[in-house]
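Naming follows writing order (A, B and C), and every chain is counted from residue 1.
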Amino acid sequence: MLALAYLALLLVLPVGLVLWRTVEHGAGPVWHALTQPNAIHAFRLTVTVAVVAVVCNTIFGVGLAVLLVRHNFPGKRVLNAVVDLPLAVSPVVVGLALILVYGPSGGVGRWLGDHGMRVIFAVPGMVLATIFVSLPLVVREVAPVLEEIGTEQEQAAWTLGASSVQTFRRVTLPAIRWAVAYGVVLTLARALGEYGAVAVVSGRVVGKTQTATLFVEERFQNFDQSAAYAMAFALAVLAVVVLLALNLLRPSEET
Amino acid sequence: MTAPVVDVAVPEGPLHPQRSVAAGRVRGTGLSLGLATLYLSLIVLIPLGAVVWRSRLRGLGAFWHAVRAPEAWAALRLTVVAAMVVAMVNVVMGTLIAWVLVRDGFPGKRVVDTLIDLPFALPTIVAGLVLLALYGPNSPVGIDLAYKRVGVVVALLFVTLPFVVRTVQPVLLEFDREMEEAAASLGAGRATIFRRIVLPNLYPAITAGAALSFARAISEFGSTVLISGNLPFKTQVAAVHIYGRIESDDPTGAAAVSVVLLVVALLVLVSLDLAQRWAARRG
Amino acid sequence: MAISVRHVSKSFGTFAAVHDVSVDIPSGTLTALLGPSGGGKSTLLRIIAGLETPDAGTVEIAGTDSTALPPQRRNVGFVFQHYAAFKHMTVARNVAFGLEIRKRPKAETRRRVQELLELVHLEQFADRYPAQLSGGQRQRMALARALAVEPEVLLLDEPFGALDAQVRKELRTWLRRLHDEVHVTTVFVTHDQEEAMEVADEIVVINNGMVEQIGTPDELYEKPANDFVMSFLGPVTRFNGTLVRPHDLELFTTPEPDTARGRVLRVVRLGFEVRVDVTTVGGEVWAQVTRGEAEKLGLEAGDEVFVRAARDAFVVRTAVGV
C-alpha cells in the first residue's frame, strides 16, 4: 500500500540504516566512542539540563493547568496563547531571544555579569533554552484531563472538610497523574533532543557546554563519523524507549 | 398506623466553618497568577519581546533592509515554499496513513502506529544524520539529495510526518460509522461515501494538522543543517540564515528575519484557532 | 410479500445472534420486531438492509433475491437509533442526499425535499444543521431522508430509543399516522412492548435469536404461545403452576368451589385499578381488580381470601422455577 511504502522510505529505512551502520562493526567501537570523556560529559550535561527543565516545567505546568482550567480571570485567553507560543518559535529564534536578554550585552545579562553570573554560553542559559522549548508540553497534557474530570470530586472533598491543599494533593493530583506522567515523558524527550536553541546559547565549548546533540553535530563536522553515529544511535535508542513509555502510558491516560 | 420516627443525627462538636469558597479562590488565583506570569515573562515574553525590539532598534529601514537582503529573502522564500509543499504532501499522505491505521488491519500495525511518533521523539540533528545516511553521498541506494532543495523538503517531511496523522486519527477513531451506513442505504458507493461523508468531516482535523506542520516546517533547523549543506541562495532555510546572522554578530539582521518567521507562524496558528472557533459554533 | 426471510442465521464469533429465522412481511404493513435487548432483532433488521451478511439463509425483497446485494442496491430506507445525521450538511441537504446520488434533476430534488420536510413538519429548519435540532427533530429528518428515495421497504432500528419518554410517545403516534398516509412497508425494532402493541399491525417476537411467535397485538396478548411471550407482553402472575393474567384472577371472601385459600399481604390503589398481593400455599400471587370490586370485597391486609382463575382465562403452563 502507498501509505506503507511512504513510511518505509521516509521513516523506517533511514532509521534502520543508521542503526545498521552503527552496529555494523560490533558493539565495541560504539561503546568506545560513547565512553570517551567528551561523550560522557555530553551525556551528563544533557541529562542534568533535561532534568532541571522537566522539574521546572512540571511544577509550573501543573500549576498553569489548574490556573487555566479551574479559575477565571481577566486575560485568561492571553495567558493560554502565551503558553502555546513556544510551539510557534523556531529553536534558533529561541536562542537569539535568550541571548538578547541574558547575554553579556543584554539587559539582565549585563546585571548578572556584574555579579559574576554567566547565563549565556554557560549551563544556566542552556537550561533556560530547554525550558522554553518544552514549556507547553505538560500544561497541554494536563489541562484537558482537568477539564474532563470536572470539579465535582473536588467539591465533594470540600464539603467533607478538606482544605484546598489537601484537596489538591489527595483528589486532584491522583486524578491527573497519568496525564502528568505522559507530559513529563514528552518534556523529557524534547529536552534530551533539543538542538537548535541550545546550539545558539551554549557557545558549544567541547567538554564544557556541549550536549549530546551538539556532540553529534560537532563530531560529524570533524569527520569522526563513528563517534557521531554512536551518539546518534544512543539518542535514537533513547527515543525509542520514550516512544514505548508513551505508548504504555497512553491507554492508561485514556481511562 | 403511625409513621415511624426518623432520628436525624446532629453532629457533635464545632460545626465546620462556613467556607468562603469564592474568596479563597480569588486569593489563590492572585498568587498563582502572579507566579505564572513571572515564569512566563522571564522565560518567554521578555526574550521574545527583546527580539522584536532588537529588530526595530536601528529603525524600520534597517529592518526591511535586513529582510530584503538577497540572502535573507532567498532563505525566506525557500522556507515558505518548502513548508507549503510539505504541508500539502502531508495532507494527502497523513490522511492516507491515518486511514490505513484506523480502518485496515495488518501484522505489525501497532508497531507502525508507535513509529509514527518517532520524529517527535528523535532529536532533529539525529534525524538529519539519519536522512543523510540514506539519501546522501554514501547512500546505499544511490540517491544523493545532499546540497539539493529536495533534500531540504525530505528533511521537513520527516519531522512533520506525525502532525496530520495524529490530528486525523482520533477523528477517524470516533467516526460515526452509521453515517456511512446511512449513505450506503441511500445508494452511495464506497468512493462517494468517502468523498461526501467521511472527508468533509475530516476537513477540520486535516486543516489543523496542515497548519501545525507548516508552522513546524518554517521553524525547522536541526534536520536541515546536515543534508542541505546550507548553501546560501540554494538550500539555506530561514532558521539557518538566522543562525548565520547570529554567528556573524549581526543581531539586527537575525532579529529582523526572526520577526518575519514569528509573524508568519503566528498568523497561521491564529487563523487556525479562529477557524476552529467558527467551526465549533456551526456545530 | 414485501420481505421474505428464509432460514437466516448469523453468528458473531461463538455468539449466535440470529438462528434459523424465517419471517414473511406483507406489503404495506407496519411490523414490529419485538424482544429483549441482545435478542437478535437489530441484527435481523440489519441483515434485511444488507448492513450485515447472514451466514446462512436468504432474504427476498419485493420478489428479488437480495441476499447477495449490498445495501446500495436494495432500495431500503434505514433509520438509526442515533439518527446518523450527516453532521456537515444542512437538513435540506441531508434529505436531498439520496436523490442527489441518483442524479435527479435539481428542480425535482428541491420539490421532493420540500414535500418531505412538510410531511415531517420540519420546513422551517431546512437550512439548519442537525446539531441545532432536538433529538426528535433529528429523527424526523432521518425519516424524511429515508423516504425521499421512495424505498420498497422502510426499516427503523429502535428509532425512538434515544429520546425522552414524552417525545417517544408523541413520535410513536406520529409514526403510525405517517404510515397510514404513506403506506410503505415498514419494519421497526423495539424492546418496548407498549410501543409495539400500540403501533404495529403485526408483531414478531424474537428472543435469543429465534422467533417465539408472530401475530397481531391482540393475538399475542390473548393467546401467547409460551411463557416468554406471555411475560414479555403483559403482566403475569404464577398461580397453580401456570402463568395467568392478574386481571383474570377472581377473589372471594368465602370459599367458593375451586378456590385456593390465601391471606392478603397488601392492597395498593393504582389509579383506576387495585392490586392485591396475596400469599397462598403455592407462593405469592397478585390479582388486579377494579375499584368497585375492591370496595365490594372490602379487603385489607391480613384478611383471609379465596383465589381462583376465571373460567375463560388463558393460561400457559410454566416450567418450574421460571
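By definition in this document, contacts are C-beta pairs under 8 Å (C-beta built on N, C-alpha and C of every residue); 3 or more make two chains touch, one makes a residue touch a chain.
Quick caveat, the model's predicted, so the values are computed rather than measured.
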Graph class of chain-chain contacts, one of line, ring, star, complete, other: line
Chain whose Cα centroid lies nearest the overall Cα centroid: B
Euclidean distance of C-alpha centroids - chain A vs chain B, Å: 16
Euclidean distance of C-alpha centroids - chain A vs chain C, Å: 59
Separation of chain B from chain C, taking each centre as the mean of its C-alpha atoms, in whole Å: 51
Contacts with two or more other chains, residues of chain B listed in rising order: none
Where chain C touches two or more other chains, by residue: none
Chain A-touching residues of chain B, taken from the complex the two chains share: 16, 19, 21, 24-25, 28-29, 32-33, 35-37, 39-40, 43-48, 50-51, 53-54, 93, 96-97, 99-100, 104, 106, 112, 114-126, 129-131, 133-135, 140, 154, 157-158, 161, 215, 218-222, 225-226, 238-240, 242-243, 246, 251, 254-255, 258, 261-262, 265-266, 269
Touch list for chain B against partner chain C, complex: 176, 178-179, 181-189, 192, 196-197, 200-201, 282-283
Complex interface listing, chain A residues touching chain B: 1-4, 6-7, 10-15, 17-18, 21, 60, 63-64, 66-67, 71, 73, 79, 82-102, 106-107, 128, 131-132, 135, 158, 161, 164, 189, 192-196, 199-200, 212-213, 216-217, 220, 228-229, 232, 235-236, 239-240, 242-244, 246-247
Residue numbers on chain C that touch chain B, as the complex places them: 49-51, 70-74, 76-78, 80, 82, 84-88, 97-98, 101-102, 129-132, 142, 145-146, 149
